[in-house]
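What follows is a pair of complexes built around subunit A, which joins subunit B in one and subunit C in the other.
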Partner chain A sequence: MQLDKMDLGIHDFFTYPPVGEDDYAYMFQTAQVRSMETQMLTRTALLDMANASDFTSAAGSLSGTEYTLPSGAGAAELETMLRQRRSAVRRLFEDLMLDERIVEIFRNRNDYANLRLVLRRVLTDKPVGADYSAEGNAPPELLAQAFEEQNYAILPEHVQAAIDQATLAYYQNKSVRQIDFAIDRAEAAYGLERARTVDGNVFLVNLFRIQVDLTNLRTMLRVKSLGADPRDALLEGGFVEMDRLRQGFDLPYEALGALFFATPYHHIVESGAGYLAANGSFLVVEQQCDDYLLGYLRQTMQIASGPQPVIAFFLAKEHEIRTVRLILTAKKNQLDTKLILDRIA
Partner chain B sequence: MEFMGIGFALLGAALAVFLSGFGSAIGLAAAAKAATGVLSEKPERYGTLMLLVVLPSTQGIYGFVVGLFVMIKLNMFAGAPIAITWYQGLQILAACLPIAFAGWISGIQQGRTGAAGILMSAKRPEMAFKAGVVYAAMIELYAILGFLVSLLILLMGIPLQAPGVAA
Partner chain C sequence: MLANVNATRMELLRLRKRVALASRGHRLLSEKRDEISRQLIKIARDIQPLRQKVETELSQTFRRFMLARASMEPEHTTAALAVPTKKFSMAMQFASVMNVKVPHLLKEIEGEIICYGYATTSGEMDVALLSLERAFDLLIELAEKEKQARLLAVELQMTRRRVNVLEHVVIPEIQETTRYIHDKLSEAERDNTSRLMKITDIIRK
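On to the complex of A and B.
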């Protein structure tokens, strides 16, 4: 039964795939995150920030929250505060999560981000540097040492495999974009493989499959918009069939809605492609993708207890931090309020 | 054979106390863990959550009362237990089963329902009593029914002969 739920097709669910079963070992953790969810920024608070006249008043509207900035704070203080909040959320997640394998799966995201950075530098003959995230599974010093000594055997096997794939992809046409595609593919495949090893965690597998789908939808629209080579750009393992996505490369924007009509992503594609065609911007695609993912995370309200609400809180909190950064950075750079509202609407 | 009768009767008492206590303990643990999770962020909700946490403890008390009645019926506190036949022992064992199983299952489920009510009250404190306590209390009904049936069979359904009294 668990296996069936993890191997659903795109037509096996209506809006969101299932979130799995209760696990009463997480009663305390679930209660704690449910309490903390009440302290998250409301939609009204985010809209107030977006509608604020300038950066100072937008930052001022956050006073009394965990994002309070000292008066006269600039971009550097904002970044420091947001990094601190993000680290605190990650520490909290690691403390609350009883299954160490789930923590490791989420720490992997930082390994792949570090890898993306170091490979871009090394393959374009720049210094390796030392400014890598320490929140991954592989320590940044180990990563830097491996690349300086060209001794990749000291890195975990999945990181070595990703290095091989990214290097091969880069040398096919010496495009830095191919490094990102290769790392994305390796990250998605490894995340899904690891998620399947966590006992019956339907939620985690479905979450990663949704993330693969959303990445593929963004990629499809970006590749179409840029007229780039779609080869190897798509990730395997999502709910949407690869044929449908490949068809999307060849169809005009107005036909994409019909192509994805029978999928839960119909609204994302239709409104995103419409906005892209009219404005040449990906704002609505990004916003719709965020909304869909947050909608899936909200489905964890259906269960009384389990790792799902803790993971959902963690991801929602990371999203909140990104939104605060987005709005305040946009305000700092005096971007049009309508653009900000389109992105967070 | 008379030892078998006492054995069955005491097994019934043990099951009533053990299974209903087991259900209560698991239910209490679930509700208490949820409450401590909420209280770690909102300590001012202690009073509201207390009732939801203690609700599953009643099943253990019902089982304990039934166990006590079995011992009283067997005259165990007077120092000279009544000699009963094996089928009288089985009757007492059967009388203990309603509260044993009803207490076991309802204790666990009531704890989980209470915990869900506690989680809900983290976001909607005004619903803590209206939904949380009322829903959990509805499960209590089935523990009470099991308790009543066990008690009525023990008190009125199984006539036993006290020592020295002619049949």
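On to the complex of A and C.
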């Protein structure tokens, strides 16, 4: 039954794919995140921040929350505070999650981010450096050591595989972008593969497939907008068929809505493409993608107990941190309120 | 002010040549001043819309980059921009405008400005970098024109000062000195004539 739910097609669900079954081993964890969810910033609070007249009043509206900034705080203090909040959320997620493999899956995101950075530097003969994230599975020292000694065997197998793929892709035409494309593909494939083997796998698999779809939709619009080469840009493993996405590269913006009409991403594509054609900006498509993902995460409300609410809380909290950063950075730099609202509303 | 000169016919001839040369120089420098002014106004008219365009593009770049950076994880921003692929080199050539050596910037740009994958980066980063790319071309053109304008303005100032010095100081001074020598020589001539008349008168008596 679970396998069926994991291998759904794009027409097998209406708005969101299923989130899986309850797992009563997570009762305490689910209750904890349910209580913490009530302390998250509401949509109204975020809109109030966006509509604030300046940075001070936007930051002031966060007083009494975990994002409180000292008076006179600048961009550096804001970034430090947000990084601390993100680390705290990640630590909490690691503490709450009973299945270590799920933690490892999410920590892998940092491994791949480190890998992108180190491979770009190594393959273009730049110094390896030491500014890597310490929140991955492979410690930064190990990564640096592996590349300095060219001894990749000390790294996890999936990282070794990604290094091989990225190096081969780079040397095909010595394009730095190919490194990213190869690592993006490796990251998506590894995430999906690992998600199939862990607790709450229906939810995780569907979550990663949605993420792949949303990435592909954004990629399709970006490639069209840039007039770039669409080869290697798309990721495999999502719900949307690759042929449909490839067809999208050749269609005008106004025809994209019709192309995706039978998919749950119809609104994302239609409004995103319309805004892109009118304003030359990706703000709406990114906002719609975030909304869709958060909508799927909200579906975990149906789960009384399980890893799904914990994962949903973790991802929603990361999104909240990004939103706070976005609004405060925009306010600090006196950006137009309309731009902020287009991105978050 | 009178120049400290000997009131001799030689000096008078020399000063007349000088005043003729100074008047010719004054005319030429006036023409140069007018031409430089014309060129400067032309460049200034080009600069104004160019500067507006550059400011618009840079403000667009800044806004979009801020939005992109804020909506991406910091690690992804670092990774995306760590190794830029766009290479840029510039050479300078000089052209002569009214004998002023103005620079002409020759740029050589290769590679793509978008140097990252799509999965972990924001589309706003693309918009920001493309806007920066456009701004960069305009920025070089603006720098070239502003440098030309500055050099021409300095030259205009110098030329105007030279014209004014010739017109109000050098030529009037020489003319005054010429008049003085002329008066002196005429006086000496009259002196000599009256002396000769007196001697003739004495001899007759």
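FYI, the second predicted complex is superposed on the first by the 343 of 345 C-alpha atoms of A that agree within 3 Å, B and C clash if a C-alpha of one lies under 4 Å from a C-alpha of the other, contacts with A are read in each partner's own complex, and residues count from 1 in each chain.
Just so we're on the same page, contacts are C-beta pairs under 8 Å (C-beta built on N, C-alpha and C of every residue); 3 or more make two chains touch, one makes a residue touch a chain.
These figures come from a predicted structure and were not determined experimentally.
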Subunit A as common anchor, with subunit B and subunit C clashing or fitting: fit
Applying the document's definition of touch, where does A:H266 land relative to subunit B and subunit C: first, second, both, or neither? neither
Please indicate which partner A:R34 is in contact with in the superposed arrangement: first for subunit B, second for subunit C, both, or neither. first
Angle at subunit A between subunit B and subunit C, C-alpha centres, nearest 10 degrees: 160
Mind working out whether A:H319 is in touch with subunit B, subunit C, both or neither, as first, second, both or neither? neither
Which of the two partners, first being subunit B and second being subunit C, lies in contact with A:T219: first, second, both, or neither? second
Touching A:R196 in the superposition: subunit B (first), subunit C (second), both, neither? neither
In the superposed model, does subunit B or subunit C contact more residues of subunit A? C
Does the superposition put A:I183 against subunit B (first), subunit C (second), both, or neither? second
Taking the superposition on A as described, I'd like to know which of subunit B and subunit C A:R101 touches: first, second, both or neither. neither
Pick out the closest CA atoms of subunit B and subunit C after fitting on chain A and give their distance in Å. 29
Doubly contacted subunit A residues - partners subunit C and subunit B: none
Going by the contact rule set out above, which residues of subunit A touch subunit B in the complex? 22, 24, 27-32, 34-39, 304-305
With touch defined as at the start, can you tell me which subunit A residues reach subunit C in the complex? 79, 83, 110, 113-114, 116-117, 120-121, 124, 126, 131, 133, 175-177, 179-181, 183-184, 187-188, 215, 218-219, 221-223, 225-226, 228, 233, 235, 280-283, 285-286, 322, 325-326, 329-330, 333, 335-336, 339, 343
Which part of subunit B faces subunit A closely enough to touch in the complex? 30, 33-38, 40-42, 112, 115-116, 118-119, 122-123
Inside the complex, what are the residues of subunit C that reach subunit A? 62-64, 66-67, 69-71, 73-76, 78-80, 82-83, 85, 112, 114-120, 122-124, 126-127, 130
